[in-house]
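Below is one structure, written out as structure tokens; the observations come after it.
So that you can tell them apart, the chains are marked A, B, C, D and E in the order they are listed, and the count of residues begins at 1 in each.
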Amino acid sequence: MNEAIGPSMAVVMKDLRLAWRDRAGWASAGAFATIAVLVYSFAFDLATGDIRPLLPGVLWTTFLFAGIFAGGQSFARESEEGTFDALLLSPVSPTMVYLGKAAANIIAMLVIEFLQLGLATILFDTNLVSLELLVIVFLGTVGSVSLTTLLSTMSASMRGRAMLLPVMALPLLVPLLIGAVRATGASLNLEVGAAPWTLLLAVAALWSAALSVLLFPIAVER
Amino acid sequence: MNEAIGPSMAVVMKDLRLAWRDRAGWASAGAFATIAVLVYSFAFDLATGDIRPLLPGVLWTTFLFAGIFAGGQSFARESEEGTFDALLLSPVSPTMVYLGKAAANIIAMLVIEFLQLGLATILFDTNLVSLELLVIVFLGTVGSVSLTTLLSTMSASMRGRAMLLPVMALPLLVPLLIGAVRATGASLNLEVGAAPWTLLLAVAALWSAALSVLLFPIAVER
Amino acid sequence: MSALTSTLQRVYGLWWIVLPPIVGSAVMAMIIGALVVAPREIIEGDVQRLLYIHFPSILAAYGAFGVVFVASLVVLWKRDLRWDAVARGAATVGVLFTGLTLATGALWGKPIWGVYWTWDARLTSTLVLFLIYAAYLLARSMADELDEQAARFAAVFAVLGALDIPLVMFSVTWWRTLHPQPIIMRGLERPAMPAEMLAVLLIAFLGIGALALWLGVLRTEAEWLAKRTATLRAKIDRHQGA
Amino acid sequence: MTTARIEAPILQTLALTKRYGGLDVVRQVAIALPAGSRTALVGANGAGKTTLLAMLSTLVTPSEGDATIVGHSLKARPAALRRAIGVLAHAPMLYEEMTPLENLGFFARLYGVAQPEPRIEELLRAVGVWNRRHEATSVLSRGYHQRLALARALLHRPAILLADEPETGLDPEGVEMLDELALRAPGLTVLAATHRVDRVEAWATGVVRLEHGRVVEDTASIAVARQGAPA
Amino acid sequence: MTTARIEAPILQTLALTKRYGGLDVVRQVAIALPAGSRTALVGANGAGKTTLLAMLSTLVTPSEGDATIVGHSLKARPAALRRAIGVLAHAPMLYEEMTPLENLGFFARLYGVAQPEPRIEELLRAVGVWNRRHEATSVLSRGYHQRLALARALLHRPAILLADEPETGLDPEGVEMLDELALRAPGLTVLAATHRVDRVEAWATGVVRLEHGRVVEDTASIAVARQGAPA
């Protein structure tokens, strides 16, 4: 067990270290997310008196785009420098490599998201830090980031077409997004009955996370 | 003059060809537009009955993200394959290379944006195809894409020093986006008085376009 | 082995003889049935005739996407590019018929709901289904026919996207929607509509089903031939020396 | 091939084939290399050397056939097989943003190398990168990249080294290091694709020549029991 | 250096220096190569060969000093200077998604080559890539990448070829092509960094040896009027 976890941790640590060192990608993901929230609050402030009903949509679309933007680069680097092959050559199973990568991305995304939640709490004057909401954010992030991590492997080796990743990732993530938006709305008391939506979110997140783990080894084969 | 324009056109044509190698590429622009509009409208429709006040924010954040996806990677690929050096080695001046690249990105973005406007017209039952709006979209696109194109060079070619640049330059986009969102709102009669916002947009667009053109040769020097 | 293969090939060749007349007559019967035989719906009027395309189309699409799912699993399991051709063929058909459902639904919605489109769970999930498989076709068509890795990527994508099929099928029962609840399937024992309507609908199922099958076979065959042409072209190029 | 000595080969391929778009770029390759042997893989550009090595290093899945390395079949691709091989490929496969020390440290963790520090120091000194271990890998010259890649390939003390044009970018001193550490290291089995035919005699115990993906010359393989039947 | 023949050099550097982080990796290099000469640039890994070539090809800005190529100063970096040089670097600098034909077509437009088609065909045939001109460059083998890169460097008929380890990845036949088309092509001035010292004699008319960024041996340069004073 330890043998299997160790190398995966090595990947996590390496990716977090690289992400921290080369903050460009993540910082700009965070910056764009912030800008998006800012743009929304500027855009909506005048148009609608009460801006709070829009919060779930604002938050999740931003999370989604930021996640695709940042996660999409995670394998691009590896394939550019040929180090992806080095990972596959090692005795670590591809699944462990994937788990390490996905974990690093999820951690980085969660950091960005909590910053966003803090920012939104101030800008929209709504308390966004409840346990329920944290669970929802966690579920949504795990589901969407595990999927974009898998897809980024594929689009990295499919040479080009920057647009391909979002085109592939977005429709797959729509069910998850819907669940997340509605569940968030319910948890902010903007809607009644969180349960079915949280269920949809959980099912969609589980589906994409589980399938991504299963399919990754097949996807990287040549 | 012809001598200066020819190679720049070669870059434009090459990039357009690479980005949209076959009909699939154009389709992916359409797909992206559709999906983005769908994601936003689904996320927001739940909360508010009247979605039209949100349109400017929805449109511009999508444009922004699409611009990052499309433009942000345009130099990454070049530097990955070492072809960026080949461009700099050629008798074409860096400014021409930049103009070719930026023009290709702007054209691609405009196609996506007009598709989105058309789609949004149907889905939101609001006429979005007015001359005023087209001017606003054009200005905003030129400003933001010229900047993201420049940024993508810097983050692609200056590995180590890359971290601060996007974060420093991104705030440049905020005034532009605010101007664009408000001007769009005004042109849709959601707000009164387009002039000051259009002016802000024009100034911001001009500022970032002009600075990008001027700074590019310096940015690519080693 | 070769005996089996040749038998299969002979059976396969029969599609060309058997399918076209079946498809032709079934589609003719469907059109005549929908336009002439079926009674005019009392409340909705003539637009209701769109049902005979609207509903059978989505069923054909479900079937096609089911084939995509299975064929993709086989691609992942067996690494056999022929199943990639099957998956692509079926996906094309599925996208086409989902598109038909969307288009007829939108046309139907204008007089009934007053708008072409609304963000209702069924409509949205149907649109997402359309987009997923359109993206599948897009991603697959960007790579070479013979690129095995691209085929595998596409298959992974198709398997991931299969979650949306049950979401579309059950969205009406799971969430309150503007879209009509399923009555036809449930009501086959206790018919909720005139017998003529039901009969025409059954013919439409047959016609659209046969059409979908026929188109799917054609597309698969075309993919297959494209793969073989690509192989031959590569061989010719390579054997000139280089 | 017809000699009497029947040893167990440490690396054996059986009808190994890779097909791209219906075209065999590696065709029915059957070789059997004894432990400790050093084989030069030669052949014109596009002959299939890199593809063959990529299959043996589990990076590319064979279209047909199989290979056994230290007793493990490629098809199973277990961690044990990958642990037994070191790969020096065209690309140095290093993280450019990390320092040489961090790179080797990371790969040592990945391979579960026991007591990594002394091993890393030993290798970095041997390839002459020790003095620059704290700089970003991206600023190193091409030859230093190759040296570092060599260190990475040898880090986990593999039984077999698969190398693709290992001399690339190395100066004469670097080539000497390469010979000493890898190509002529005692006990290490080597299969190296190379265009430096002038150097082959200096290190190789046998040659395998590919032409259009097929083996046309093989002075490296030993006779082995094939397909269950005695040789 | 002290010979009497005073020709105008086609490539001349004056105290050319590149400093990275306070460290001179190329230091006060002064060479003067006559037109039509073929110079081998040798030196250990990290000696500064690539950096020197990068400065001469205008890709890296010198920290100090200047160079003149076909009469144009580096500092000015005009299009004319760049048109006069062909560069064969470490990386093949090709668009992997495009075919060989599309790649050369693009660069021909960039350089404004008159009548590109026959020139491209001629080069693709000469480097042996003609039969594979319609495949994506990404599927070509390493040697074919190098051949294509050579064709790209020669496309616009440069007066000077700057090459960095041009033999890399080429099989013996490819090396022969390289000699014929570039290293020994009549009329072409060549400055090529190389570690293949065994081959230098076969093609070079002179050698420049770098050590820690400094020129320590120079049998290639001609005497020229320096800093305004007669030699």
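Side notes on the structure shown:
Basically, a contact is a pair of C-beta atoms (placed from the backbone, for glycine too) under 8 Å apart; a residue touches a chain by one contact, two chains touch by 3 or more.
Not measured: the values here are computed from a predicted model.
The chain with its CA mean position farthest from that of chain B is D. By C-beta contact pairs, the most connected chain pair is A-B. The rotation relating chain A to chain B, fitted on Cα atoms, comes to 175°, given as a multiple of 5.
Over half of the residue numbers at the interface between copies chain D and chain E are found on both sides, making the touching surfaces mostly the same. The most distant chain from chain A is E, comparing centres defined as mean Cα coordinates. Mean C-alpha positions place chain B and chain D at a centre distance of 46 Å.
One simple way to say how far apart two chains are is to compare their mean CA positions; for chain A and chain D this gives 38 Å. Measuring from the averaged C-alpha position of chain A to that of chain B gives a distance of 24 Å. One finds 32 Å separating the Cα centroids of chain D and chain E. Residue positions of chain E touching 2 or more other chains: 90, 96-97. Each of residues 22, 160-161, 164, 167, 170-171, 174, 178, 221-222 in chain A touches at least two other chains.
Counting partner chains per residue, chain C shows two or more touched chains at residues 124, 128, 131, 135, 138, 142, 144, 234, 238, 242. Interface of chain D with chain C (complex): residues 20-23, 46, 61. In the complex of the two chains, the chain D residues touching chain A come out as 54, 57-61, 79-80, 82-83, 85, 87, 89, 91-98, 102, 106-107, 109-112, 152.
Residue ranges of chain A in contact with chain C, taken from their complex: 147, 150-151, 154, 157-158, 161, 164, 167-168, 170-172, 174-175, 178, 196, 204, 207-208, 211-212, 215, 218-219, 221-222. Residues 79, 144, 146-147, 228, 230-232, 234-235, 238, 242 of chain C are the ones touching chain D in the complex. Taken together, the chain C residues at the contact with chain B in this complex read 115-117, 119, 124, 127-128, 131, 134-135, 138, 141-142.
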